[in-house]
Each structure stands twice: as C-alpha cells, then as structure tokens.
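A short worksheet on the structure shown next.
For reference, chains read A, B and C in written order, and residue numbers begin at 1 within each chain.
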C-alpha cells in the first residue's frame, strides 16, 4: 500500500519494456469476428494512437484490454505479466486505466468524490478503522484529498471540486474522467475519443495536456481518436484498424502515406465518399 | 394410475402458470419491467367473473368476455397512467411503481369485497364431467385448460413472429430508440403488449377459477409469484420458455404434494428457481444480452 | 461570505452530547408514566422500524439494488435472538448484548451466504432471488417447529427491548452506516450504484462491496428482528412475509433512497401514523400504495431525496447568518 511519504509521481523502471503487449488478440461475438489477430507493443512512455473507420473495433480492443470482454484468442501482457486470469478490477490494479467513449462518470457524486473513488486502492484503511474513525482513517483520507486536489489542478478543476460531476459541461466531464483514471496510478492510460465533442480550442489544449500528463506521470498513453490533427500532433506511433484487423502501424508520417490506410478511409478507386 | 392423474393435474396447473407467465415475459421482453401487478390483474379478473355470474346473471360466454375484456382494459389504463410517464425513469422507479400498483389493487379489492373468500360458480363456465381414455379419465376442465394454453401460445408465437405488429414488438424489445427512428409507434406497441398480456391473464383467471373456485383479494399474489417464477425459470423474454417454466413449476408443485411434502412446496419452488438462476442466470431458454460499453 | 466551519472533533462532541441528551430525555419520559402503554410500545416499534429502514437503505439507496427479502433477515435475527434469550445462558445484561450480537451475526452470515451467489445477478433478478429467499426462510421456520415453534409461534421470549436498548441500537446502526458511507468503502458502494463498469475500471472489487453492503444491512436487520422479538414476546412466522419486506421498502422509498434522515423521518411517521389515525386504518394500505405510486411518478427521489441532515451544518449556517447580519449592520 501507499507510503505517505512517497512522492506523488512514482518512479518507474524504464528498463522494463514494453508496458503493454498484445499477441494475436481476437474476439468473436456469436459468429461475428469483431477483432482478429491484433498485435501491438507499447513502450513505457509512448503515446500511441489507434485509428480506423467507425465500427472497425477500436473500442472493442479497449474492452478486451480492460477485460470488459474476455478475448476469444490471443494474450495480453502488462509489464511482462499475462493478464489471462485478470478481471476488470485486477487489470486496473495491475496498471491499466481508461476513459469511456460514452462518458461513465459517477454522475450524482461530486467531482472530488469521483477522483477519491479513483484513489480507492491508494488508501489502505480497513472497514473497522473507518467505522471507529481510527487515526489511519484520518491520515489516509487527508493524503487522498490532497492528492485529489493536486490531480484536479492538472485541468484547473480544483475550484469545482464540490460540484456534481453530472452537472459539468461536456468537455469538463471528459477531463474529469481522465483525472479519475490517472488517480488509479496506472502504467498505461487508455483514452477513448478524448476530444469527442470538444471545440478546436479545447482540443488544442487537450493535446498539450496529453503530452504534459505523459511527461509528469511518466506513463504510456494509448488513445482512440477521430480528430486526425490531434492524432498526428501528439502520437509517436499510430495503429490503424479496419474490419477488426490491424492494417498498418508506424509513425504518423508513415501512416499518412500508407496506401492501405488511404483506402480504408476513402474506399477503393474513385468511390471516395468521405 | 394415481401418478398419471397427478401428472395431468400438474399439467393443468402448469398451463395456468404458463398463461400468466406469458404476460410477465412479454412485458419484460419489451420494457424490461417485472410487472408485479400482473398477478393482481388476475385477481381482478376473478372478481369480474364472479360478479358477472352471480350479480349480473350474465350468460357464461358474456361473463368470460367481460373478464378478459376487463383485465385488458385495466392493464391498458394502468399502463397509460403509471408506466407510460415513467418510460425514461430509472428501472428501479418502474419496479417500485409496479409493486405499489400490486398493493393498491389488493387493498382496494379488500376494501370493497372484504378479505373473506367468495366462491365462484365455475360450473356455469365449464362443462362438468370427464373424458375416459382407456383406464383413466381426464376432467373437462383439465383438458380445456391444457388445450387453451397451447392454443394461446401458438397464437402468440404467430403474432410475434409473423405479423407486422409482432415485428414492431420485437424491434422495440431489441432497441427502443432505433425502432422509434424507423417509424414504429413505440407507445402503441408497448400498450398493445400490456393488453395482450392482460388478456392472457384474463383467460388465466377463468381457468384458475375452474381449478380453485375461491376468490380472495390475495389470490393474485401467490399465483402471480408462481407464474413469475415460471417465466424467470424458463428464461424471461422467451415465449416457449414461459411455457416450459409454467409446466415445470406446475409439475413440481403437484409432485411435491404427491410425495407428501406439501408443507415444503413453496420453499422448493423458490429453491429450484434460485438454483436454476445461479447455474443459468438467464433461465432455461433465455437469451444472453450484453451491456454496451 | 466567510467560510465558517466547525472542526471535526467539535462536530463529534456536539453530536455525542445531543445523542446522550436524547437518550436521557427519552428514558425520563418513558419512565415517568406520562405516556400510556400503547404509546410506549409505539415508540419502541418506531425505533425498530428506523433500524430496518436505515439498514435497507444501504443496499437500495446506496448500492442501487432492490432486495425484497429484508423481512427474511429480520426473521433470522428474531428467532436467533429469541432462542438465545430463552436459553438464559448469561446474566441479564450480558445476555441482552450477546443475544443482539448473535441475532445480527446470524443474519449477516446468511446475508453473505445468499449475497455471494445472488449478487452475481443484477437488478430484477436480484430482487427475485431475495424475494424467494425470504419465502424459503419462512417455510423453514414454519417446518422446524421443534426449534421455532412453527406456525403456533415461539412464546415466552423475555421482554428485553426497553427504550434505552432499542434506541442505543438505533444510534449504533445510524452511526455505523454513516461512518461506513463517509469512507472509501462507502464511496466504493456508491460508485457501484452510479456506474458499475466504471467502478470496476477504477479497480473496485464490486462483488466484495456488494456482499459487504448486503451483510451490513442483514446484520442490522437481524438486530432489529431480535428487538422486535424482545418487544412483543411472541414470534410467528407470518410476521415476516413478503408484505413486511415491502413495508420496509416503502419507508425507504418514501423517505428518499439514499437519505438516512429520510429513512428515519419516514419510519417515524409511517410507524406511528396508525396510532393517531385509527379511523383511517381501513384505508391505510390504500393510502400507502397510492403514496408509493405518486412519489414514484412525481418525485422519484423520495421526500427528502438524497439530502442528509447534518446538525453541524445547520449550526454552521446559523452562525454564518448571524455573523453575516452583524457584518451587514457594521457596513450600514
């Protein structure tokens, strides 16, 4: 459990690589193959993008990584450990945190409470200690609250800590979800369309923040995004998915030139309709 | 021989449960509501049959029609007044409302008709006697009950699978919003589903009256609960499942009584339900569905 | 506006003094003979229903599930406590405390036993399973007449449920659940209600917390059951049927799911109402049912919503307002 004197940002061992590795990952729903033979490696402080047309299976991959769905085939390695036997909460404890495409905040709770729930496993007092309000409760709660405020300050949200999460504007809800995910102290952060519904100015500032988060927390970020400007601007590696299959991987520059990617987005020949 | 007649007995009881279970299953299939008040609609049906025969001196066929019609009308009114305004409310609110309606119907009935059981002159509704096949005989009521339930199920299956309205029902059950966008009048479809379920409950009320000809304000509660168990056991949302579940509960009850365990019957029915749910959370014939993330 | 806040230890001291004063005042009133027998019995049963409602509020209001077998847990506690008390193993005071613990633990044990499998199922299915379980408990109690007295009832239970005992249990129940909810464990329970998938993605062991909430709730239902036994002295299985579970649920729903103050308030009103409105008794259940439906239609969050009463907050407001007035006067 967390040492109260430990630094806010934990030191990570960067010789441990890669942070995430998928080998031959696939899932079938009934007879339909939603994802097939998905391979990727993400290094400890990499920002990696996952793009592809609608319905290509991007979110399904996030659901597989976080064990919301159980893979039909293949393996996921997190810092070298196979996550085969993990469920969603084990995956989070092992170091994967995520946000959701359709925001899943704890809407009727305050902003602060949302972050505190993210910090749940960083606190260590037990049931009895909370009911009798023993010193470990007070100490642990105080540290957690300080940390929550610190995390909120990333997006300048500490002043609205007492607001109901559900009452926030859309963009703030997306940012709060990122903070809540960061609170669980992940090694890799999965962002599912973080810029969806944001205006260009907000997207711009989000891009800066994504880089900042990677630098301060020294974590890997794997993000699904439709905003190509964001993907090309912030990602170091990009994977392209079409019909559940990985069709290209590389740097943003390589991806932009890749004929298979252009085909996937624009269709074959002159049938471009995008 | 005794066992065979007990089995027929069980099938008769099971048929009634199945008919009532169909109502639960259809409503659940379409708006994901466990309609707690469904059993109490049967109770109301029982009183309508009772009074149209004893006070109204109607022809039995008219009494039967009044019963089925009355149940249907009541269900439609309740749906419009209480469930429809809650269409977008949390499901817990809907469930609690259904529980409230159930208590309301029971207590209103008790207020007007008293708690004492009244006997239903069921002999006016059903021919008395039995058919003899070889060595054993089947009472007409058993025969009518079993046949009527099978016919209802077949009719319902055809309705759901073959007609335009049935297609609309399946569409609403699959994805309410998408169905609405495709031009399905969701409100009408839901009301219609309630009406069909209640009509079946009305038939169930008559058949139940033939088997246990005493009407009290609480007959619906236990019958509803058993039918509801049947629906869940068979896999809620599934029409054949409701039938299978109904027969299973009916036979289980009759057989436990036959085995001299009548005091444990209710407990055993629940126990079987719990075991089935734990092994197959969606019931014997239910579909698995996943939450979209 | 100056942000006046009463410090944490001060809040605890203020609240403790008030609770102690409440117990002493209640004791004086009940002992004084000012109230008749019926009123005294009513005060006791209000207390018992407060415990039942506050404990049911945990899985319904906070966890967001709908268990329909609360009367089952109450029955287990009632019989466990009554049988323990009748055995007369310990001196009276020790026996009372031990009996209540036995009652609570027995109910909590069964709660865990039922909870582990039942909580794998969601929403409606959980409601059905707990309903079925409540009925099974009743069938079992009915059939094991050698221990439980069966349908004839269990007689000669010592009348241990005095005002002080019952209301100490009320306070312990409310305080324990309050402390639980204002901790990381309570927040975990709330997060499951709000969004289970997101809760799991935050590393919360949802199964564990569901079972914990269930067990906690069952424990206090069991304690309330024992107090119930000690209040009337006779137990019959019919007391713990589905309608009893529904009655408790009604209190929680009307008070506001997720509001402890609401549960206390609604339990007091609904339990003592019949005493004041004897004439209305015939309509009572009709009125309750209508209230339930109307509340769901027009104010689904219940009378008090998720509002929780806090004395210290009230004091803070009062002091702030006084200070504000003074400030205003100075300015003028």
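For the reader, a short list of remarks on this structure follows.
Everything below uses one rule, namely that a residue touches a chain if its C-beta (ideal position, glycine included) is under 8 Å from a C-beta of that chain, and two chains touch if they have at least 3 such contacts.
Every value quoted in this text rests on a predicted model; they were computed, and no experiment measured them.
Chain centroids computed from C-alpha atoms place C closest to the centre of all protein C-alpha atoms shown.
Using mean Cα coordinates as chain centres, the one most removed from chain A is B.
With centres taken as mean Cα positions, chain C sits 35 Å from chain B. Chain centres here are Cα averages; for chain A and chain B they lie 48 Å apart. Centroids built from CA atoms put chain C at 40 Å from chain A. Each of residues 293 in chain B touches at least two other chains.
Of all residues in chain A, those touching 2 or more other chains are 68, 100, listed in ascending order.
In chain C, the residues that reach two or more other chains under the touch definition are 197. For chain C in complex with chain A, the residues that touch the partner chain are 12, 176, 179-180, 182-188, 190-191, 194-195, 197-206, 212, 306.
Note for the complex: chain B touches chain C at residues 28, 32, 34, 82, 85-86, 89-97, 99-101, 103-104, 106-108, 110-111, 221, 225, 228-229, 232, 263-264, 266-267, 270-271, 273-274, 277-278, 281, 291, 293. Those residues of chain A that touch chain C in the complex are listed here as 66, 68, 87-89, 92-93, 97-98, 100, 104-109, 113, 116-121, 123, 125, 127, 130-133, 137, 140-141, 144, 180-181, 183-184. Those residues of chain C that touch chain B in the shared complex are 60, 64, 66, 117-118, 120-121, 123-125, 127-129, 131-133, 135-136, 139-140, 142-143, 197, 242, 246, 249, 253, 257, 282-283, 285-286, 288-290, 292-293, 296-297, 300.
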